[in-house]
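Shared between the two complexes below is chain A, which has chain B as its partner in the first and chain C in the second.
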Partner chain A sequence: MNPVTTVAPRERTAVTAPARPRSRRPRHRLWGLLPWVAPAALTIAFVFGYSLIDVFAQSLQYKGTWAGLDNFMIVVTDPLFRTAILHNAQLLLVVPVLIVIALGLAILLFETRRGMRGYRAALFFPYILPIPVVGVVFGVLLQLNGGLNQALRAVGLGGIAPDWLGDPNWALWTMAAIIVWKEVGFGIVLFLARLMSLSTEVYEAARLDGAGFFRLHRHITVPQLRGLILFYVINEAIVMVSWVFNYVYVMTNGQGGPGTSTVVSELYIYRSAFVDRSPELAAAAAVMLFAATLVLIIGFFRMQRPGEGAFDE
Partner chain B sequence: MPSPRLGPVARHGILVLATVAALAPAYLMVSGSLKTQDQFLHSPWGLPTSFRLDAFRTALTDQFGRWFLNSATLTVGAVALTVLMAAMAAWGLVHYPFRGRDTVLAVTVSLMVVPPVVLLIPLFQMGANLGLISTFRLVILIYVGLMLPFSVYLLANFFRAIPTSLFEAAALDGAGPWLIFRRIVVPLSGAPIATLAVVNLLWVWNELLLALVFLQSDTKKTLMVGITGFQSRYSLDIPTVMAGMSLATLPLVIAYLFGQRYFIQGLTAGGIKGD
Partner chain C sequence: MKRLSALLALLCTAALAAGCSSDASRSRGDAATLATGAPADTSLPSGPVHLVMWWWGDQEAPGAKAWLADTVAAYHQKHPNITIETVLQTTDGLIPGFQAAAAAKQGPDLQYFWGGIYSQQPAWAGSIVPVSDYVPAAELKHYLNAAAEDSYDGKILTAPWYVNPQFPVLVRKDVLAAHGLEVPRTWDDFMTACDTLHKAGVTTIAGGVKDGWFGGWLFSMLGAQPLDSQTDVTDAVVGKKKFTDAELAEMWTRLQETREHHCWNDDINSLELYQAQQRWVSGDAAMTITAGTDAPNFVQKVGADKVAITTMPTFGDGPFAGKMATTSQTIGITSWSKYPQVGADFIQFMHSPDRLQAFYDKTGVMPADDRFDVSKVSDPTKKQLFDMALKGSPYIENYIPVELDSNAVFTNVQLVLQGSRSGKDAAADMQKQMERLRIKDRSLAKNFEAWAG
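Right, the complex of A and B next:
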């Protein structure tokens, strides 16, 4: 972090010095760039560069000696790892549901206008809550005799009042629903911001032509929001593949239970490394998780058309 | 804009329902913290009949204060460093354009998607070898590293939109890059810097995985790690758990109320072209 403090005096003397010759050659300019980007570049190189190289190296070793793909073979044939992958895949199935809810609510807000700011603030609220808090509160809410089931029984739906988190058949889907509950506000805000910037003329013209609600939005809104929807899809896909650790850890006390019903790949890596103390297997699993994320992001860039992108110029 | 199929009543009905669903858990949390255990178990959704603060007292006499302070220290340190480093790097990239700069920026922003759990093992081993486990220094460094890709990207996009004529005029007056940065770039960038600070604050405050692994000693635990264990310790005292959760959420709610604009701008900035 030293460059921050060392750069200041040097640049300051340059300021007070009589005008420097204006003709800077490109090489000089690059030297000038260095102190500005060095702190960030070194930190990124340490956190990402070093770690990624090291995790690859470790995945190919066992206790310091070359092990080829043995670690990968062990991990891939481990039933628990397969279960974990399956669960991540099941969570991915929830992404379309998330898109439909977020888009639907954004369109409703867009068409309603009245009270939009209030609704938006409320619907976005879950997104800012800490996952540990969400996990604990839902843990209480979803107990067999918890708030939700009491409410269900009160309105005569006691027949469908399962043990949301305690029944292995329900636990993963309950968790998926909680993730949807928390993530949907992000999508709403994202879509709404773009909807508000669209010209209203197209909508008026389409209405005059007699287009109904679904046709209108299917043929006008969705195409205009395509890039943004794609961004949200990839964002949430990455959440489902590699950011669900917090939910699982908090709601199952780090176990992924009941049984193995909520074990996901991140938890598998965490437990391999820190509970079972086999970092090489954890490294192999981590490399595979990284590869999966990479495939998702490359797929995203492939599907993106020029000009509609989140990350392009 | 009336729509042909869905009347205003139906629309508001759906929106009210969604709002209730979004806020119900927060209501359960806050109202639960004011009830007794019995009241809570019998009617979790009822309004609290009295205004008891016992649960908050119990929660606060636990190590809550220390966790809170630890989280605050980490958050302030990591966010301040991130914003400073990101602003410098972004300004450097804008002020000294070079071939392949956009590629560098694209690769940097792609790092955002690397799952932290992938980086965890090497970082933990290195931390253990250097004796840096349960120190804030290492965790702050890692947090800063994880937040930098998005931060540099966001600020670079904004800095690029500042008219270059401003810089040229300042340079003609003899101002060097540092002076331009301090006197022109930073003052003009209040909104994006606030946005960045708010988004990063949210992230650090809520972070669990790294805090769990790197800050194991009791005196260094963060609020998120603390409340995760809180639940099992007070499993028979739900009001205290709820009071703890309310306290942990309070700073975010305050930040949200005052900076909703920045939250929304920051979180949508990745998806909407930064201009």
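Right, the complex of A and C next:
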């Protein structure tokens, strides 16, 4: 029998886990869970629920009186807000890059094996560094006359030594690169853990069939990591939409500069509330940001096939 | 899930700001009605009292921390039932920190404010009570700059603490002399110095605008020169003038000229001001600008014989050209403080003769009180600075909204100095942002008119 024909059914088995039957728990068992869930649910409802309702209410008011959608109109027509949203959208473009790098490095580590633990620790290390530390270090390193540019000039590459964080044309992309550097470790560890748990038989069989490196991972690894990749995509998309405040705040002293080149939606909300003294506009912008992020989260859950969740595999 | 929690936390923050601030704003009309204290009750409670004071200032007045600790201890000795806890704030956290406290209506009893708009806007928001509700007028009349910067509707909002001459230009005479130059007093001399020193590979004037604040300084030092009075600025805020009008826009073209003549260090956008100032100390730059309160320390590092203290070279012929601006850093009493009369009493204690002298002795900075005897100051650097401050002009950064300062001034200075925006476009952007701000803050113009009027 041709070995390929024996491998194929196994491969399918490995790639697509059997769909989990949609079990219906008896109603009385659900009620039994309630006492265990209630304290946490109540805490979340009180802490976040109250805030959510209040921020929605405030977004529709101005100085305590009903303002309808005025605050939303002001925010939407504010060039600074639109700039901030554009920057978040530009940062979203970085997500595919992040996926490719994380997946590529995870596969390389998986294939290399020798010294993998050391490499893995080294690559994961940036992820555990506090963002203020990262911000301060890179803030110094990436000055016009900082360490990186001095090194570039020393090897005759002074022509590609811009003011990484001081030039408005470079600042956002420099920040994106720093975010990639910090976030990629999480993806590598995530993908590697999954790779290590896969059956080696599939790979051995494919190699016997003559599959090369790229074909092997394109047709075996990627499909098996599909759920995890999706999880990482959504997670990093949320990072780019609503989790980059710390980077921007630390590296630009809370200004989003130079000019408005690194202003993102979170910074807009923060500055509206605590610098510009416009809490209602901050509330309106926060509601919009919340809605955008909610779309991403719902999209994530809807795109997940049964049994393909990041933690179901 | 961590990220979702963070998003929710962000919403909570917005809710905190929005929800809690609504109480204060609900009681506001179009123009601000100041929060008022109880009818002046100056008697101090006999039970235990604990006050919290948030402050900033050791950065620009080294030694202030030690002085404040001594003053708090001395006050406690005088009133054993009263303790005061002091919390030092960062520059970037000073305003947002207080905004968060004001939204929650808890935090400090006494808060440090810069002068002018920085003390006006918290009062308009109802976050502080006028100190004149608790401190007698006979006492307040001694506090320097109180009437000029910190008054509204006949009341004094915050109490000046110390004077900041804003901002001296420090010149290394030895660096200039090495290139055949003298201290530039006029704009043309300044541009000539820039050209000469640039050719020699020396930075003419060291600065850093990464954190934005230095942009506000330049706005005042350049922007004041063509003006007749600070009303020109407040008129532009309320819409009677425009920031594109010749006298208000000129500073931007002058700033552009400084870039074209390579006056600044090439990495000005990469650095904070305090980092750049070290180049002046090391002799790599001929000039720099510093807080007036901190200037004597810089002079001491280099040696007084090598340094000249001057103002920004002049191009304007207005009454403010060639003058140092003056402002007082202040202390306010929060509207939620349970013991405003104790806070007011402590402020007066800070102004007692013994404390005024001790402040000068510890910091070398001029207390904002005309009872401090300036004639006894023997240090020539300090004497010159104090004289310049006493004859100083208004500090115009203190007469524009804080939002305009950070969103238009800071950003445009960065872009003009980086070369990606012209002076003309910067002025146009400032005007556009001001118009936008009047839409966003619908009571801003009326508050400004009430203040300036």
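FYI, the second predicted complex is superposed on the first by the 268 of 313 C-alpha atoms of A that agree within 3 Å, B and C clash if a C-alpha of one lies under 4 Å from a C-alpha of the other, contacts with A are read in each partner's own complex, and residues count from 1 in each chain.
Here is the rule we use: contacts are C-beta pairs under 8 Å (C-beta built on N, C-alpha and C of every residue); 3 or more make two chains touch, one makes a residue touch a chain.
Computed from a prediction, not measured in an experiment: that's the story for all the values here.
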Please indicate which partner A:F290 is in contact with in the superposed arrangement: first for chain B, second for chain C, both, or neither. both
Taking the superposition on A as described, I'd like to know which of chain B and chain C A:Q58 touches: first, second, both or neither. both
Between chain B and chain C, whom does A:G212 touch in the aligned arrangement: first, second, both, or neither? first
Answer with first, second, both or neither: which of chain B and chain C does A:V250 touch in the superposed model? first
Contact-wise, after the overlay, does A:G299 reach chain B, chain C, both or neither (first, second, both, neither)? neither
Looking at the overlay, does A:P162 come into contact with chain B only (first), chain C only (second), both, or neither? neither
Could you say whether A:V275 touches chain B, chain C, both of them, or neither, answering first, second, both or neither? second
With the two structures laid over each other on chain A, which partner does A:S242 touch: chain B (first), chain C (second), both, or neither? both
Of chain B and chain C, the chain that contacts the larger number of chain A residues: B
Considering each complex separately, which residues of chain A are in contact with chain B in the first and with chain C in the second? 47-48, 50-52, 54-55, 58, 145-146, 235, 238, 242-243, 245, 253, 266, 269-270, 273-274, 279, 282-283, 286, 289-290, 293, 297
Residues on chain A engaged by chain B in the complex (per definition of touch): 1, 4, 7-8, 11-12, 14-15, 19, 26, 29-30, 32-33, 35-37, 39-41, 43-44, 46-48, 50-52, 54-55, 58, 105, 108-113, 115, 119, 121-141, 145-147, 150-151, 181, 185-186, 189-190, 193-194, 200, 203, 207, 210-214, 216, 228, 231-232, 235, 238, 241-243, 245-246, 249-250, 253, 266, 269-270, 273-274, 279, 282-283, 286-287, 289-290, 293, 296-297, 309-313
Flag every residue of chain B that touches chain A in the complex, lowest number first. 1-6, 8, 11-12, 14-15, 18-19, 21-23, 25-26, 28-29, 32, 41, 43-45, 81, 84-86, 88-89, 91-93, 95-96, 98, 102, 106, 108-111, 113-115, 117-126, 141-142, 144-146, 148-149, 152-153, 174-179, 202, 205-206, 208-209, 212-213, 224, 227-228, 230-232, 238, 241-242, 245, 248-249, 252-253, 256, 260, 263-264, 267-268, 270-273
Over in the complex, which chain C residues touch chain A? Could you list them? 3-4, 6-8, 10-19, 21-23, 25-26, 28, 92, 95-96, 99-100, 103, 121, 125, 209-212, 266-272, 402-403, 406-407, 410-412, 414-415, 418, 420-421, 436, 439-443
Can you list the chain A residues touching chain C in their complex? 47-48, 50-52, 54-55, 57-59, 61-64, 74, 78-80, 142-146, 163, 165-169, 235, 238-239, 242-243, 245, 252-255, 257-260, 266, 269-271, 273-283, 285-286, 289-290, 293, 297
